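Both complexes below contain chain A, partnered by chain B and then by chain C.
So, the complex of A and B:
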């Protein structure tokens, strides 16, 4: 008798069977691998200056050329991936966790609490994300933590609203009514019965949110308000590249290409995950 | 001829036909665009920003002055060239009678447009006194310093009366924004304030049109009796980004533009359209400042260690592409008071810096450096960060957007700052920001030295440039001795122009449009 396959195995197999999903998986896998093992992959110190070699084109020594301080662009792209994921993963995971908790409470709790939390979500959503980020950065100064907190704060309502809707749909399901009639506590109902039915949808949402967060971090860094120099980031590479585009186009390539790839990769993966998690939707497409 | 329009179905085929016809029709327009280099009597220049304000009393800088200067007149104007000087403009004569009296006579051939008659001494009096009048709230009031009033002694004669001697009268006040003469009758008819429409012009050019953030068009003034300007029309394009301006220049759509320092080397090797590159020293000054009131920066030896650890030539190479020279102070070459060399050489002296660090007794020093979010400053800051790391100082770079950065003057938490101020061609304009009364306003280092304040005050009242120079040089010595400043550069103004233009530039490379000639 064969061993039953795990849920994760089924999802991964489902994604791998979809050509776009496979491509997304490869791209995301590569980005994560590069970020995890950046210190082994980077051929040069990403912040080590060598002004004599500044603004060089691609060569065997410098695969993507060098920036205005003679730093290896390829090494900075790889190290920039670390920053992108350091911002995107905690921000998205944090927003998802908080949004999920609040959304489930809103959907399952009393009406007044639901109204209060919805007001809270709508208030946060009413701030344009970039303007909110600029205001916070101007007040407390730019840093990795600030960017993570800003992104997390602005993303909570999205997850909260989805979690609330799913909870509202499930709260009158027969299996929930049965649990309730058997005297199950609210914590048990939410944690054991509802959570597994909601988390899949939110995971798909999170996968598709990661490129948005990476782009936001890059945008703030492009404005010079992301991570502090000399920490490499894709947005900072783009900013320098734009200023120096008449001297070398390679900084723009180095900053732009990983953002495009990350966006495509996470979007393909997210869409494929959605199809696997929700087969009904796939049939409709 | 009557053209009858018939309705045609919009299908793919018709769309393609229309597109082909449009493309054919657009071809000559494209050629016309390429023919910008031809002598059509139109000069196309680029400026940094739009100039909607036509009131000289509310001028906020060179962008507006570039337009005001050709359409208004002053008693004297800056002389184009490589050395600072002035020449007569609306004045037929100007003479310093004593320290506080300057007599002038106006030419008899200058008139205002829109029927506002000939320019008179009353117009001069009105224009100057309007700027110092508190009710006008003019941002350029300080340019006139101790101006008391203008005495009208004849229809076209008058005397400028000062409360104290004021050397910058001939280097800032009269030849720059504050010196523009407007029509008293026209301004009064307009309710006392000029808006985006110049109510009456008098210069060799008239502002023919202005499209916000797009273009300002100047055309010859048909009533101008002075020497005829060379160009029939001048089109001024506000383009903020230098990369964009360079592309426009290379495409033949601009005749003159400032270019980025990063492009200087490329243009040194050759300028498109047979044009030329003119490299002028700029008056701007850039420095690393240290807040003397901050608890972390109370130790003078620590500050001196920072001064000696910074290698200015390396910053010039990395951030300014080797196109700018190290500065010796805040007063640029060519102005009275410029120092041939500073007290601290531009090159770093790491041994001395480390010795000073040891003497200071400071260890594990962590400081912040505030910069504006521009690549040049970010690059310079990272070089400084690496240099200070060599003497054991950890530097954290705070990148601020423009609004937050320029509000840093009263920020008590400010530690180190990379700063850049603009300048007019008089040394008093530089030293004025570093006096005790400016502490926490524009004197971000909180530099407070009574001797410095006295030198600044005395020097502005001395007419002799050589004597003034000695005082300003001593003032900069004091700044450097305080340990609060590491002077970096005055930058540079590289300008490219096409072969058909002979630009008229101030010594700092800024354009004097009314004097531009044809090659």
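So, the complex of A and C:
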């Protein structure tokens, strides 16, 4: 068996041994499974209307009731998970890649570049996230792509700063000095020797970042500034539920619980991953 | 200390400068006529002409930036597209409502969080400690706007314990209107602060001066309350400073859900009516607020703990 696979195996058994980690693994697994096979699981068309059956309570036909247009809430919850992951995964992956690159450049490059990049990170962080998102949406209009871009931009500094700190620590370690004295190029040092040592930490950070991203997407959609109707998103469910809160509680419950479950699942998984991968990180947060 | 304070505030000013400039350039980078974009389709031709002159759009971009900063330094953020009132006074009118909400949220969540954390640290690995830890994680995970909606559903619509909308009149009524929104915003902070205080408390409890206090025969209660807690509380100060940004974000949602006036409601209403000067003005004010509060937190931290002064 090759080495990386056994490491992954070790990490997974470590997570599964921790009760909270196992719970996180189960919740996240369920959400990913539902999102992947949404079209097989949903009993009704998530955007199919049936006006005669509008605003119904839970029943065997409609597990979580229906909304003001007679759409099945349960189907919309399942399909909403797909939208949440469609925003969260590219955003987190993009932010991680860009943050990693910039952070390594800041940590390894000349001092002035480091200062410049740190100022760039601090500037992005100086906007309160939602306010920044609102300003961008106001300018370019709401859409799924805008949400992904905004979310990505706001989390770049987190990854960048951690990648920079890691690079700075590694920079003077003996194996890097040895590489350098043998005349290795900068690209080789950064890509082959430093990258594997930084990626693990960033992956943990990414798992813990996903809940924030899911909440931000849902929040923007709740405000009517995220994904457009009739796309089923958890935030859109909450938006409908809010305007109908005196008629039916089921839309707010149906939109709210999956968000809380998803945040719980990813947080548990992330914390457990962190403890297994790098227990030292525990103190930094 | 003075040296540190000056450098820290210079950095804060630089960050605000870069952020505002970036926002200015972002508006210019959007394709189309900036006046059209900023004023929206419903602006009168007079207003468009006035803004074109004000922004000096026929001049090079650096002159435009200079004029923009000239106005800004005089406290001029432009005018409301519809009413023609200055944006500065509109934003400053809404700001107190948001600040009131944020302060209320910090007060209740930080005090409860500190109490829980200190208790858990004084009795580590007991049942209560474990329950606090589990509940903390669960609370940290709950996004403010979901909590706001669920508490609106349960406590305002069904149980009718608290009013659902508005800010109320008179002191008691205002406080009554604050309960649910402040609860929603603060809830995730209780767990966060509790975990933070617990961790730093456990660290402090192992230090020499606590051992000395024990050797002097002081009561455990006195050691925890007087000697350990005041040091263990330090990280909370920083976290609250940085947290103002998150609280501002949560406040946006709480204001929408509970139909309260404030910066967030102002921005959302202005986006739907495409009233860009107000959106930009409010974002600018909240960004400045955030940067200043972060800098202040760093200063307080440096004042309490001299070791922190070396890093800017």
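Criterion: the second predicted complex is superposed on the first by the 273 of 285 C-alpha atoms of A that agree within 3 Å, B and C clash if a C-alpha of one lies under 4 Å from a C-alpha of the other, contacts with A are read in each partner's own complex, and residues count from 1 in each chain.
Criterion: contacts are C-beta pairs under 8 Å (C-beta built on N, C-alpha and C of every residue); 3 or more make two chains touch, one makes a residue touch a chain.
A quick note: this is a predicted structure, and the numbers were derived from the prediction, not measured.
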Would you mind checking whether chain B and chain C clash or fit side by side on chain A after the superposition? clash
Touching A:68 in the superposition: chain B (first), chain C (second), both, neither? first
Which partner does A:86 reach: the first (chain B), the second (chain C), both, or neither? neither
In the three-chain superposition, say which chain, chain B or chain C, touches more residues of chain A. C
Using the superposition on chain A described above, determine whether A:223 touches chain B (first), chain C (second), both, or neither. both
In the superposed arrangement, does A:76 touch chain B (first), chain C (second), both or neither? neither
With both complexes superposed on chain A, which partner does A:245 reach: first (chain B), second (chain C), both or neither? both
Using the superposition on chain A described above, determine whether A:263 touches chain B (first), chain C (second), both, or neither. second
Tell me the contact category for A:164 with respect to chain B and chain C: first, second, both or neither. neither
Classify the contacts of A:129 with the two partner chains as first (chain B alone), second (chain C alone), both, or neither. second
From the options 92-100, 272-280 or 290-298, pick the one stretch of chain C whose C-alpha atoms clash with chain B. 272-280
Do chain B and chain C land on any of the same chain A residues, and which? 134, 137-138, 223-225, 242, 245-246
For chain C, which residues are in contact with chain A within the complex? 11, 14-16, 18-19, 22-23, 26-27, 30, 37, 137-138, 140-143, 145-146, 149-150, 152-153, 157-158, 199, 244-246, 248-250, 252-253, 256-257, 264, 267-268, 270-272, 274, 276, 279-280, 282-283, 286-287, 290-291, 294
In the complex with chain C, residue positions of chain A that touch it: 20, 119, 122-123, 125-132, 134-140, 211, 215, 218-219, 222-225, 238, 241-242, 245-246, 249, 252-253, 256, 259-260, 263-264, 267-268, 271, 283
Sort out for me which residues of chain B touch chain A in the complex. 243, 246, 260, 262-263, 266, 314, 317-319, 373-375, 378-379, 381-383, 385-386, 396-401, 403-404
Listed in rising order, the residues of chain A that touch chain B in the complex are 49, 51, 54, 68-69, 134, 137-138, 141-142, 223-225, 228-230, 239-240, 242-247
